[in-house]
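Same chain, two partners: subunit A is paired with subunit B first, then with subunit C.
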Partner chain A sequence: MPLSWLVLLVLALAAAGYFIGRIRVLKLAGGDVRALHSLPIYYGTNVALSVAVPALAVLLVWLLAQPTLIERSVSGMIAPEMIPEGSNLNLVMSDVRRVADGLNTAIAGGAMSLAEVDAMDATVVDVRARLGELGVALGQDVRPEVLAAAKSYRSAAVTGNTMRTLIVLALAVIGFGISFSKTNPDYRARNVVERAVLALLMAAASLAILTTVGIVLSMLFETINFFGLHNWRDFFFGTTWAPNFRGDSELSILPLLWGTLYISFIALLVAVPIGLFAAIYLSEYAGPKTRAFAKPLLEILAGIPTIVYGLFALLTVGPMLVNLFGQSGSLGVDWMSGATSVLTAGVVMGIMLIPFVSSLSDDIINAVPQAMRDGSLGLGATSSETIRQVVIPAALPGIVGAILLAASRAIGETMIVVMGAGAIAKFSLNPFESMTTITTRIVSQLTGDGDFASPETLVAFALGLTLFVLTLGLNVLALYIVRKYREQYE
Partner chain B sequence: MTDATQNTGAVAPQGSLHTLDARTKRRNAAEGRFKLYGMIAIGIGLLMLVTLLYTILSKGTGAFTQTFVSMEVELLESKLDKSGERDLEKIKKVTTFGYAPLIKSAFEKTVEANGIETDLKSKDMTKILSKSAASQLRNYVIANPDKIGQTIEFRFLANSRVDGYMKGRVTRDSIANDKNITPAQLDLVDQLIEVGALKKTFNIDFIIGADASDQRPEAAGIGVAMVGSFFMMLVVLVLALPIGVAASIYLEEFAPKNWITDIIEVNISNLAAVPSIVFGILGLAVFINYMHLPQSAPLVGGLVLTLMTLPTIIISTRAALKAVPPSIRDAALGVGASKMQAVFHHVLPLAAPGILTGTIIGLAQALGETAPLLLIGMIGFIASNMPETVGEGLLSPNSAMPAQIYEWAKRADPAFYERAWGGIIILLIFLISMNTLAVLLRRRFERRW
Partner chain C sequence: MYDTEKLGTDVNQTETKISARNVQVYYGDTHAIKDVNVDIDAKAVTAFIGPSGCGKSTFLRCINRMNDTIDVCRVEGDIKIDGEDIYDKRVDPVQLRAKVGMVFQKPNPFPKSIYDNIAYGPRIHGLAKNKAELDEIVEKSLRRGAIWNEVKDRLHAPGTGLSGGQQQRLCIARAVATEPEVLLMDEPCSALDPIATAQVEELIDELRDQYSVVIVTHSMQQAARVSQKTAFFHLGNLVEYGDTSQIFTNPKDERTESYITGRIG
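And then the complex of A and B:
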């Protein structure tokens, strides 16, 4: 039975349960609602929840677990010596899956019977040609052990799916039976339903933990695989980034980290002064009208998708900078050869970060108590002296926190650097040269048909984990500083 | 007495209080400068916004118009259906190569009828048309086999170079090294404009059409990618809204103050700041490599964006719940409602406008997000077919609007750049209308307690 049918069936049973539960309890109470412990809808909901929740929860767990279990048992069938030269277990397993899919299509389409598939022998029949006729394209000829594995993969999947359907339906029916038999006017249905709803709410809230765990685990496993194939010392302390898909690449994070930090530094150089002065003006000088007009307009800059900034960098700012600093540019200095450079990406990223810095600093400056300003002004200081010598020092920890948050944004930004920064990994101080960043390399190593067993692809996960740890550290630090600062004035 | 005070060293200001001394002037000037810096900073910010919008509009509006050449094509029976049986299978056997001569002769006739003089051969003349002209003709004939033998007026897309010439992107100087077009062909274009056979008109296909290959920028549209984005937003809405609201209700109304709650809260605020590309890696590792969901499917994109949007929705929902005054809860509890009833019957409906606003803003954020989509493979192919069913829409490979824009920006032809900017206009129209809707909802339904 297809998955969607199964889900729909369980839901239909739950809906039926809702009405049946209601009707039954009302009948037992002789139609008198006052004789019930809870409102009738709770009896109905109780039945519906007992049908749907356990069945769907088991279904979800089953869906997550089945692929791994089957994969583990089937990959045991393929002995290490059967893996051809230049290949590995993952590649063989993806072949196995494809052949199994092909067999399934063949059976579903009625082109082959179950017995025919079981009797098929790769040493006799050309499986690739046979499946090719049915519209299942295979990359290479099917070897006997792959066919055998595919057959057992297929039969395990079929058995698993049948078991899944049976167990889920059984759970739904059992849930229905138990809750139906419990339904009587004295049953405390509301308490039970409310406890179940609370559990569901808790489950939703813990999804946040699950996501974080998922992020860390998914990257950690692949990173460990990567360090199994590549020396970790080269990754952390090497100086060259030169991936080579024929193998023997030098994959070191340092040049990428340098590019990332350099571009982020330029972005902050643009965003911090502009954002900070804008925040000071808006919170200390501007009248309510100017504020109501300028603040939302500045914040539009934060709502524009990064792909737009990327295109702006690639097609507008880059060529403009080349016109200024390029070979036949108006300054005649010949410093820049291509449109992608550290400066291009940095400036555009700076523009993107202006509203980020300004609105965070605005909040923080507004949190400085008015009494401190009044005291300073009362002693005869001008507004600017008050701001420079009283407000800013008081708000400094918060502003540092805001800048750290902006820095973490800049380090993790992807589209602007993918389109504006270039692809050359090197250590250089020249902002007119193109350089590359961690996020750019993650994108380029993982797009296209990557082979998830080569260090050149797996390195992306190590880069991702580094990026995650880096931005997480900055965020935690920044939030700690901001919170500490808030407490000071609350 | 007076001697003693004077000897302490403080020099009393000389002169009138009405004239400013040098130090006061300096201080006042510093004050003015400081204020000016603030104004300049705001000015730069606004200038950047204006520049950005101007660039987008000036470069992108061209994508909404396209150059067409109209001409009458005689659908010769001898070429298209030799047997004369109107058998669709036989008509389908005629490839686009079989249609090319029809276009050639139609072009010759158009030129002749309008009295245009040119030295170009008909083969070179048809080169000002898009490479899709023959397949357009073929699709028409297959859809209307009864029209064979008649003469029908057609509107063919012009080549992207001709289109660029009409829009000022291509000039006679710039085509010196261009193999795709010659000055003689541009002369022909000029003459066709004069007689009205070649016109630049509004191009609906850009908005509703599918992407096209590298060779035919003039035929590329963003419609299919828009449908992909739509299905992703559907997934995000269906998953993120209930889960986000449930999580917020738990954290805001029921969660006990303990370390588990603390961990959840810290997690949510950190997830909000995790770079979006990390969610892409998560999607690739979990949904595609582990669960073997299909690559490039809007379902996977939607799942990744759901995880990314959840923190935004949770944060705004919690703010909305917090804004409902405790007196509402107390009143409900006072008349005998349970805690759960108070929340679901009274607090939640009152917080609904705020929740809705937060959700729309979260969706707008998700709609413009590109980086995670690159990793789950929503680029690098041509999304050419509209999905026909919901299941197909969720599972068959598709692109999304921002991914399509990135794809166009990567192709080297300036004609595609114009389409990328045009795509951005459409994307921004969606974002602006979503945000306006959110603001309007807030204005209309927001209650001040």
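And then the complex of A and C:
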């Protein structure tokens, strides 16, 4: 039975169970809802859940496990000496799967009978031509051991699928039977459903956490591969970034880290004062009407895709800065030669970060109790004195947290620096020069057409992991500071 | 100067510090204070009593224009301090608040050291020429706030680390540090325990010889204990105003009597 049918059947059974459960419990209670422990929908939901959850859970596990198990048993049939020169087990196994698929198609289409397939012998029949007629294209002639493996692969899969269908259906029916027999007016169906809801919520939460762990692990393994091919001392302490696709590259993170931090610093230099002042205006001075339209407007900045900021950097801010600081520019200083520079990327990234800083600071400033302001105003302080000497010091830990969050955004930002910062890795203090960042190098190392197993490509993972550790550290620090601050007023 | 005793003395000889005429306060469409006329004596404690929501705190906040910080609030009528209209356009509310100090319901020390809490006002208004003078002001204010002995060894510890009663006395000392003429207190003891309350009440009684104190309170016993004059507010009206002894022993208005005997409120 095809998979979709199986799932639909289980769901249909669950839906039927829902109505049957409701009807049964109402009947047992003599139609009086007040005699029930729970509302009828809970009895129905309980039956439906008992039908669907174990059956679908087993189905899911089966779907994940069966291919691996079959693959393992079949790959045992291919001895190492049967693998052709220049190939490997994976390639042979993918041939096996294709042939097995082809045989399945042939049987399903009625072109061959089961017996014909079993009797087929690669030494006699040209399997490639035969399957080709049926629309299954194979890259090379099918060797006898591949055909044999494909046959056993196919039959194992067929057996597995049949067993899968039977077991899943059996589970659904058993679940139905048990929950149906339990359904009586005293049964605490509501509590069972509550537990199911709890399990659902916990599953969602753990999935999010596990994904993070998975990301870290996948990066970690590739990073370990990288350090197997490249000296870690050069990566962390070298001073040159010069990837060379013929090998023998110098891959050091330091110049990239310098570019990243320099651009982030300029971005914060733009974002922190503007964002903070905007937050102070919005929370302390603006009337409710101004606030009602100004705050969402400011937050629109946060909704602009970063690629659009990148375009803005490349096409507007960069040329504008060249007009100011470039040769024959209005300042006549000839400091800047191209549109891409640290300053371009930094300024545009700063604009992007304004809403982060302002929105978070605004919330934090608002959390400072009104009693503080009253106390200060009552002593004859002006609004700005109150803000400078009472509100900001009280909100400072939270504001620092907001700035750190913005910094971690800046460090991880990619699109703006790809388009605005340039591609030259170097140590320089001149903000009018092109520089490059960790994120842009990850993009260029991974999107090149180099060998995936070369250190030049794998360095992207090491860079990514370093970046991740950096931003994670900043985030943890920021959250720690913000949380510590929150406790003060509770 | 006027050595009045707490209860039952003649207070007619005192001068008027604050005089309010036809004061109306609106919060948006709500008419919170209706036509209040009152003369508050200098160097005496005046208590505002009345049930919750009767407008006594609102009226108190009119006296140092703290209501200006609330957008929807509108004040009409005249309030004069020493004959000067405080709602005149030429009056700077910031200067006014330095002259009319305020202590709030909940102790609200700034998240700074005890020293900096007290020095806050003097620093803003430039009352001290140098560090030594500032030290002197801080000590004097803390002594006046009857808390010096408890904190003199830890002036640089955070003010928020004190107990509730100490915090409130710190706030009173902070208000005193700017050398105000009038001290407004908005239920200063409502967040304190009985012992701390007794200490603060004692302090209020001492403050009377230098300042005009106006205190809003929910506790009629407190009003009777600390004040020389009492004003009873009800539903935004000033129902009765007179000597505390007279209000509590021989109220003229039926509503005052009902309130002090516990029948309304």
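Basically, the second predicted complex is superposed on the first by the 285 of 490 C-alpha atoms of A that agree within 3 Å, B and C clash if a C-alpha of one lies under 4 Å from a C-alpha of the other, contacts with A are read in each partner's own complex, and residues count from 1 in each chain.
The criterion applied here is as follows: a contact is a pair of C-beta atoms (placed from the backbone, for glycine too) under 8 Å apart; a residue touches a chain by one contact, two chains touch by 3 or more.
In this text the structure is predicted, and so the values were computed from the model without any measurement.
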First, second, both or neither for A:Val390, with subunit B first and subunit C second: second
Which superposed partner A:Thr382 touches (first subunit B, second subunit C, both, neither): both
Partner chain in contact with A:Met372 - subunit B first, subunit C second, else both or neither: second
Contacts of A:Ile351 with subunit B and subunit C, given as first, second, both or neither: first
Which of subunit B and subunit C A:Gly30 touches, first, second, both or neither: neither
Comparison of subunit B and subunit C by subunit A residues contacted: B
Touched partner set for A:Gly287, first subunit B, second subunit C, both or neither: second
Subunit B versus subunit C as contact partner of A:Pro2, first or second or both or neither: neither
Shared contact residues on subunit A - subunit B and subunit C: 382, 385
Contact set on subunit A toward subunit B in their complex: 4, 63-64, 67-68, 97, 190, 194, 197-198, 200-202, 204-209, 211-212, 214-215, 218-219, 221-222, 273-278, 280-282, 284-285, 294, 297-298, 300-301, 303-308, 310-312, 314-316, 351, 354-355, 358, 382-385, 387-388, 405, 408-409, 411-415, 418-419, 439, 442-443, 446-448, 452, 460-461, 464, 467-468, 471-472, 475-476, 479
Footprint of subunit C on subunit A - complex, ascending: 287-288, 369, 371-382, 385, 389-390, 393-394, 488
Subunit B - residues contacting subunit A, complex: 27-28, 30-31, 33-35, 37-42, 44-46, 48-49, 52, 55-56, 59, 242-244, 246-247, 249-251, 254-255, 263-264, 267-271, 273-282, 284-286, 289-292, 307, 310-311, 314, 338-340, 364, 367-371, 374-375, 377, 379-380, 391, 402, 405-406, 409, 417, 420-421, 424, 427-428, 431, 435
Subunit A-touching residues of subunit C, taken from the complex the two chains share: 64, 66, 69, 71, 94-99, 101-102, 104, 106, 108-112, 120-121, 124-125, 160, 171, 174-175, 178
